[in-house]
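Consider the two complexes below, in which subunit A is the common component and subunit B and subunit C are the respective partners.
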Partner chain A sequence: MSKLLRGLVAAASLILAAGCWDRVEIEDRGFVVGSAIDEGKDGAYELTFQYIVPSAMQGKSAGGGHPSAQSFQNVSSTAATLFKAARKMSNETSRPPYLEHNKIIIVSERLARAGKIQEVLDLFVRDPEMRRAAKLMISVGQAKKLLEIKPPIETLPVQYINSTSENPQKSESIVPATTMGHVHRFLLEEHSFAIPRITQTDSKVSLSGAAVFGSDKKMKGFLDGEETTGKNYFSGTIKAGAVEVEIEGKPLLFEVKRASRTLYANVSDPESPAFTVNVRIEGNVGETYSHVDLLDPQVIRMIENRVSDKIREIMYVVLEKLQKEYKADAIGLSDYLNENHYRVWKKIAADWDRGDHLFSKCKVDVKVHTRLRIIGAIERVQPEGE
Partner chain B sequence: MKSFEYGDREIGTTEVVYGVSNMVIGFGVLTLPRSLAAMTESSDGWISLMIGGGAALVFGWLIALLCARFPKMGLSDMTKAVANGAVANVVAMLFACYTFLFVGYETRGLANISKLYLFDRTPEEAICLFFLLVLAYGVAGPSAALLRLNLIFLPLVLIIVFLVLTMNITFFNMHNLKPLFVTDWQDTLKATKGTVFSFLGFEIFLFYNAWANRPKAMKKAILGGLAIPLFIYLIVFVFVIGIFGSEVTKNTLYPTAELAKQVEIPGGFFERFESIFFTIWVVTLFNTAAMAFDVTIIALRTLFPKPKRMTWVIWLCPLIYLVSMQPQSVTEIDTFGEWISYAGLAIGWCLPAVLLGVAKMRRIKGNEQAS
Partner chain C sequence: MSESASDDKRGESYVFPDMQENIGHIRRMLGDPADLVIRIISIGGGERSCALAFLSGLSDKAVIDEQIVRQILKAGRFGQEDTGMDISEVLGGLRNETMSVSQVLEVNLWSDVIKAVLYGDTAMFLEGADDVLLIGTQNWKERSIDEPPTEALVRGPREGFTEKIETNIGLIRRGIRDMNLRFVSYTIGRRSRKTLILTYIQGIIHPAIVEEARRRLDTIDIDDAPESGFIEQWIEDSFLSPFPQLLHTERPDKVRAALLQGKAAVMLEGTPFALILPTTFVALIQSPEDYYERWLIGSLIRLLRYLAVIIALFAPAIYIALVSFHQGMIPFKLAFSIAAAREGVPFPAIIEAMVMEGTLELLREAGVRLPKPIGQTIGIVGGLVIGEAAVQAGVVSPIMVIIVAVTAISSFAIPSYSAGIAFRMLRFATMLAAGILGLFGIILTFIMISTHLVRLRSFGMPYSAPFAPMFITDWRDLVIRSPVTFLTKRPEFIQTKNINRANKRGKRS
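Right after this comes the complex of A and B.
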C-alpha cells in the first residue's frame, strides 16, 4: 500500500511540479519589430509599435494565405511615459507587445531637439526584454510616418529601413548604424555624437545624413549627405565612396576603395590643442568623360591631387559647421585626447564642447593622401585626340 | 571491467582542480566587471584583478600547505590536532555558519538574476524554493559524487563563456581599452577588495581534504583551480570594457549578461542566445551552492555526529529559505554578500593561515602514513 502511495506521490509531483510560470504561447505574443516615438500633447509621448501579422507574412513567402493582407500593423498610443503608452496598447491589440525582436527605434526630430533622447532611451536599455542592439535613428518630421511606408521589395517597412541602414559598405553618406548601446555610452560619457538621419520621400526612405547631438544631449542639427561624408572621413568610418572631380572640364569619378585616418595632437598648450588629421585614400577610376591619358604618371598625379583637394574641402566644410554652428565634437577628437593625452584631457574635458568651447577654437589641419591604383579595365572609350 | 572505479569515496586531483574553479566562479563573473569599472579608470581594473588573484593564490598556497600537512583530515581534525577540541568545535561552528549564509546568498542571487532576465512573472519566492529543492536533492548523496559533478559542469561553463566572448569579437574595440595606467594606486588597491572577494569559496576544500587521496598534490590542484577563474575574470573584464567601454560597464548591473544578450546569430533560432547562457549559469551556481551546503552539513556533523545526513538536509532547507528571503532589494543583497565575504575572508582564509603558523611553530604534523 505504501508502495502505491509513494508511486502516486511521485506521479503527482511529476505532473504538478513540472510547469512554467512564465509560459506565453507564441501565438499570444505580439511581435514588435520597430518603434517610433513622437511628441504628443503637453509633453506626452506618442509611441508607435509595428507589429507583424504572422499569417500575412506566411502568405507572402509561401504564395498561399491572404496575399492581399497587410503584413504589419501599426498601433499608436499616447501617455506621459513610454512604459505607460506600451501598456495602454494592450487595450487595443489582441496580442500584448513583445519587444525582444525590436530592431529599430525612430525618434522624431522635435523630441531630439528638445533634449528628450535620454528619457526616450531609458526604457529601452533598462527593460531586460529590450536589446541593446536595436538601432536608433532620428526622423525628419514625424517618426511614425516612416513605419507606414509600403516597401516593394521587403515585406515589412522595418525590414526595409533596417537593410538600408546596413549599406555603409556602398555608401559614404550613411553614418554607421548606431545602436541603443552606443547611445547609452555617449550619454554617459557626455559626449557629442552623430546618429543616422532618416527622411521620407514619397514611398522611399533615405538614410543619408546624420543628426548631431551636443554633449548637453540636445540635437544641434542635421548634416546633409555630403557633410556626413566629411564626418565619416574624419571618424575613419568610410568603407567605400565616390568622389567626383573635374579633369580638363570633364567629370571624372574616383572610387574610394580603402580609406584610413590617423590623428595626431599637439597638446603643448592644453588650452588650444592642435590636431593633424591624416587621411589616406586608395582607389581607382570609376568613370570618366575626359580625354586624358590615364596611363601617364603625371596625369595620375594630377587626379590624385584633385581628389585630395576635393576630400579636404568636404572635410573642412563639415569641420566648420561642427566647430562654429553646432559646437559639437562629433568627429572623435575628444576620444583621441582621452586615449592618448589623458592628463591634459582631464583638465580640459569640462570646457571641450561646453563651457569655454575649446573645441570650437582648436586648430585642425587636414592632410589627405590619395593613391590611384587602378584606372579600370580600359583606357578610354573614344579614339585618342577626337 | 572497471565498474568499481568510482565505488570509493575518494577525490583525486582533477576533482579538486575542477571543484575549486567551479566553486570560485559564481556571481563574480556577472558582477565583477561593474564593480571594477566603477572604482578604476578605463581598463585599469585588470591590475586590481591581478593583485586580488595574487592574494588568492597566496592564501590558496597556505591552505594547500595546511592540507598537505594534515593528510586525510578535515578542518575540525586539524584544529583539534593543533589546538584542542573546544577550539575545533568553535571553528567548525563558525565555518558552518559562513557556508550556511553563503548558500542563502547564492540562492537569492540566483533568483534575482533569473527573475530579471528569465522569469518575468514567476515570483522570487518560487524560484528560490525550486532551487532549494534541487539543492536538497544534490546534497542528499555523498560529497564525492557532488565533486565529481564538477567534471561535467565546468567544461560546459568554460565553453559557454568562450562562445559568448568569441561571438562578441566583432563589437570589440581596442580604443575602449585606452588610456592605460591612469588610475592612481589608492583606487587600484581599493578595487582589489572586490576582486579578492570574487575568489572566495575554495576554502571549503579544507573539509574535503578528508577525502583527498593525494594530499601532496593539493598545492598544485588548488593553485591550478584558482588559475582558471583568474584567467576567466581577466578575459571577461577586458572584453566587457572593450565592448561596452568603461562608462557603460559602470552603469550596467550585470555587464556579462548584457554581453550574452547582445549576441546575434543570423538565422533566427539562436537569436536569444542568453537563454542558453543563463541555463548554464544556473548550473554552475547550483554546483557552488551545493558544495557550500554540503560543507555546512559536514561541519555540523563533526559537532553533532548523531543525526543522519538527510535529517540535516531537511532541517537546514527551511532555514536557508528564510535567510535567502531576508534581503529586500538588490542593494540589500549586495550588502549581504559583502558581509558574507568578510566572514569568508576571516574564517576561510585568515584562520587557516594562523592555524598553519601555529602548527609550524609547535611542529605538529598529521599522520604521515595516511598519504
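Right after this comes the complex of A and C.
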C-alpha cells in the first residue's frame, strides 16, 4: 500500500511540478501585431511594437464597449540590441510582448541602406516565438510613423498594411509579400532580392514599389511603381495588371488576365551568358475611348503589338536600372542558372552580382507575346460613323 | 416463507395425502399471507372434495373461475366415492378431461408446488391423492409494447421490450423465424428466482462465445438482480474501464440484428433492457437508423456521430490548451476576440471550463430526476438564464458558454447513453490534462484512451475491432455504411460459422 501511495505522490508531483509552468492565459498576453525598427542614437536600435487592446477591438466589432478607445497602442524603446529593447518594453507595459501574431516587420530605409538588415533580422529568426511568416517591408523615412496611421476601414494600422500587401491580385506594382523566411534564405544564399517598399502619404500608405538589396546585404535603392511592374514581369509574379496603350490617339486599357514567363540561357560563353526572356500575356480590353472596330483581326493584331511593345519597354527600363545602377540581380536570373546550368553557375557564382559583376554585363533579350482574348461584353458604345 | 422455501429446495418433503394437512402446510410455509387464496370445492357437488391454492395478485382470476372452478363443479362423475375409480385415476381424469387449461402438471414435491404458486400457478390438492396438479394460471399485469423512450428513431419499428420475459422472447422470435434460434434459460437470484434468457442463433455464432457466456452466467450467485445492469457488471471483462463492454438496448430490432451478426443477447425478467455481447467500440456509435435510411444518409449521419464523439471528448480541452498555452495557434482575429471576451474573467480557462462543465452535469442530472414539466423549466433556467447571467456577471466568457453547449449537444448525439456518460467522464480527464500540459497533455490522454481501447476485450473479442485488429472487409460497414447490396458478408472479426448473409446478384430462378 505504501508503495502505491509513494507511486501516486511521485506521479502527482511529476505532473503538478512539471505542468502549468508556461501557462499564460490569453488575456494576459500582450499581442504584438506589428513591429517597426528605426535607427536610434549612436547606432542603437529603436524598436516599436504595436500592441492590440482587445477590449477596444471587441467594442468596435460588437457595437458596444468603448467605441472611442483606441484599439492599439504603440510602445517604443531604444537599446543597443533589439532583444534588450524588447525587454525594456516589459517594464513599461502591463502585458509582456507576445510575438506569435506578429504580422509585419517594417525596417527603416536608413537601416537597410546601412546594411543592417541581417542584424535586425537575427532576433526575429532566432527566437522560437517569432513566426517566419511575418512580412518584411522597407519604409521610406521613419518606420514607426507607419504604425501610427489611423485607417478608417480597418481597426488596426497593421491590419491595413497587411491586407494591402496582399493585393498583388489586383495590382501589378506591388511585389509579392516577402516573409522573413524568404529573406532569411536570400541572406544565407547571398542572393540579391527585392522586398515591398512602404511609403506614407498623409493618413494612407502605399505599397507600390520595391526595395532592392544587393548580394552584399545592403539596400541599393528603390524601384518605383512602374519599375516594380517590370520587375514582376521578369520574375513571373504578375497576377493581374493593366497596360495603357494609345490607339488612334485615344487610350485603350488592356487588362492582363494571365501572364507567364519562361527563361532560356545560352551559356556557350560562361563569362557572359545570354538570356532570352519570353513573356506570354493574355487579357481583355478593359476600357477604350477609341472607335476602332474591335472585331477586326487587323485591329486586334495591332493592339496586341502595342501592348507587347509597352511591356517590353517597361521591362527594359527596370533591367537597365538593375544592371547598371543597382548591380543587383533581383529578377531571378541567377536562380535559373543555378537550377539549369549548375556547373556553369558554380564557376561564375562568386562573380555574378559582386566581384566582376557578370550580371551587369550579360545580354538579356526580352520577347513579349500578347494575346487579346476578349474585347469586352459590348462591341461599341457609340453608333457607327459618329 | 423464505427459509422454508430454501429448505425445500433440497426436495426431501412430499405432499401429504390429507388435504387439510396440505392446506395447513402451504399456509405455514408461505406465512399465511393475505394474498393466498384457498378454495375448497366438492367435485361435481359430490362427497369428494379438492382445494385450490393460488396467489391472487399473480394469477388469472378469470381462468380460475371459468376454466377450473366451473369445470370441477360440473365434473359429477369424479365426485362420487363409489365409482370404483382409484384415486390416481380420479386425478388423471380431472387433469385430462376436466381442466380446459393448456398447462397442467402432476407433481408430488413440495418444493415444486411452492415454486409454482410463487410464480402464479394454481395448485390443486385432491383429498387422498399423493400428487398435486399444478395448473398454469400465471398472469400479471403487463405494460403494453411501446416505443422505447430512450432509443426513439425517426424511421424504424415502434416496438420495444417490456418487463415480461415471455413477451420479449416473442418479440425476438417474431422477427427471426428460424429453427436455429436458441433460448437458454437460467434462474438468477437466490431469492428473486428470475428467469434469464441467453439467446443466439446456432450455426451463425461462434461456439466459443456461447461457451464463454454460459460459463460466466453460471457464476452469477446473488440474491436478486433487479435489472440487467447487475448481470452486465457481473459478467463484464473489466470493471475498471469507463467503457460499457456490453451494449444494452430496449429495441428488439437491434437485438435481432446483433443475433444475425453472430452475437448473443441476454434478457432478464423484469427489465426491458437486453444486453448484447460481445460488443465493440464502434457498436456504441452505431444506430439502427444507419441501416434503415438510404446508405448516403446513413453514412453521413454516422460520420456526424464520429465527429460528435471527438467534440464531446476534446472540444473543451482544445479550447483550454489553445487559450492557456498556444495562443499562436488561434487565427489572428479570433485570438483577439477571445482575448477581449476573456478580459475581466477572473479564472484561468481550466477553472472556467470545469465550473461550466460541472454546472452542465448538474443540470442534466437535475433534469433527469425532476418530473417532466419541471425538467423542461430547469433546462431553460439552467441553459439560458444561468449561462446568460454568468456571462453578464463576467464570471465566464461567452465563448466558453458556446463550447460547453456544443459539447453537451455532441455528447447527447451518441446513441448509447452509457457510452455518452463514458465520454463525458473522459472529457474531464482531457480537460485536466489540457490545463496542466496543454496540447501535449491532450495527445497523452488520447494515447492513453487508445491504448486502453485496444487492449480491452469483450467476451474475448477485441473491443477496438475491426479497427485495431484490422478486418478490411468489415470496413464496408464501419465509418461508411455501404449500400445494402454490398453488405453481403457477416462481420469477419466475430468469426461467424455462416458467412454469407445476402446474395448480391439477387434471387435467381
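We adopt the following convention: the second predicted complex is superposed on the first by the 367 of 386 C-alpha atoms of A that agree within 3 Å, B and C clash if a C-alpha of one lies under 4 Å from a C-alpha of the other, contacts with A are read in each partner's own complex, and residues count from 1 in each chain.
Operating definition for what follows: contacts are C-beta pairs under 8 Å (C-beta built on N, C-alpha and C of every residue); 3 or more make two chains touch, one makes a residue touch a chain.
Keep in mind that what you see is a predicted model, and the values were worked out from it rather than measured.
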item	value
Partner chain(s) touched by A:Glu100 [first = subunit B, second = subunit C, both, neither]	both
Partner chain(s) touched by A:Ala377 [first = subunit B, second = subunit C, both, neither]	neither
Partner chain(s) touched by A:Asn340 [first = subunit B, second = subunit C, both, neither]	first
Per-residue contact with subunit A, leading partner among subunit C and subunit B	C
Touched partner set for A:Arg131, first subunit B, second subunit C, both or neither	both
Which superposed partner A:Gly181 touches (first subunit B, second subunit C, both, neither)	first
Touching partner for A:Glu189 - first (subunit B), second (subunit C), both, neither	first
Subunit B versus subunit C as contact partner of A:Ile26, first or second or both or neither	second
Touched partner set for A:Leu16, first subunit B, second subunit C, both or neither	second
On subunit A, the residue positions that both subunit B and subunit C contact, one per complex	22, 100-101, 129, 131
Residue ranges of subunit B touching subunit A (in the complex, touch as defined)	116-122, 126, 175, 178-179, 182, 244-245, 247-248, 250-251, 258, 261-262, 264, 271-272
Complex interface listing, subunit A residues touching subunit B	21-22, 100-101, 128-129, 131-133, 181, 184-185, 188-189, 335, 338-340, 342-343
Sites on subunit C touched by subunit A in the complex	323-325, 327-328, 330, 332, 335-345, 348-349, 435-438, 441
Subunit A residues within the subunit C interface of the complex	15-16, 18-20, 22-27, 29, 31, 33, 52, 54-55, 57-58, 61, 98, 100-101, 103, 129, 131
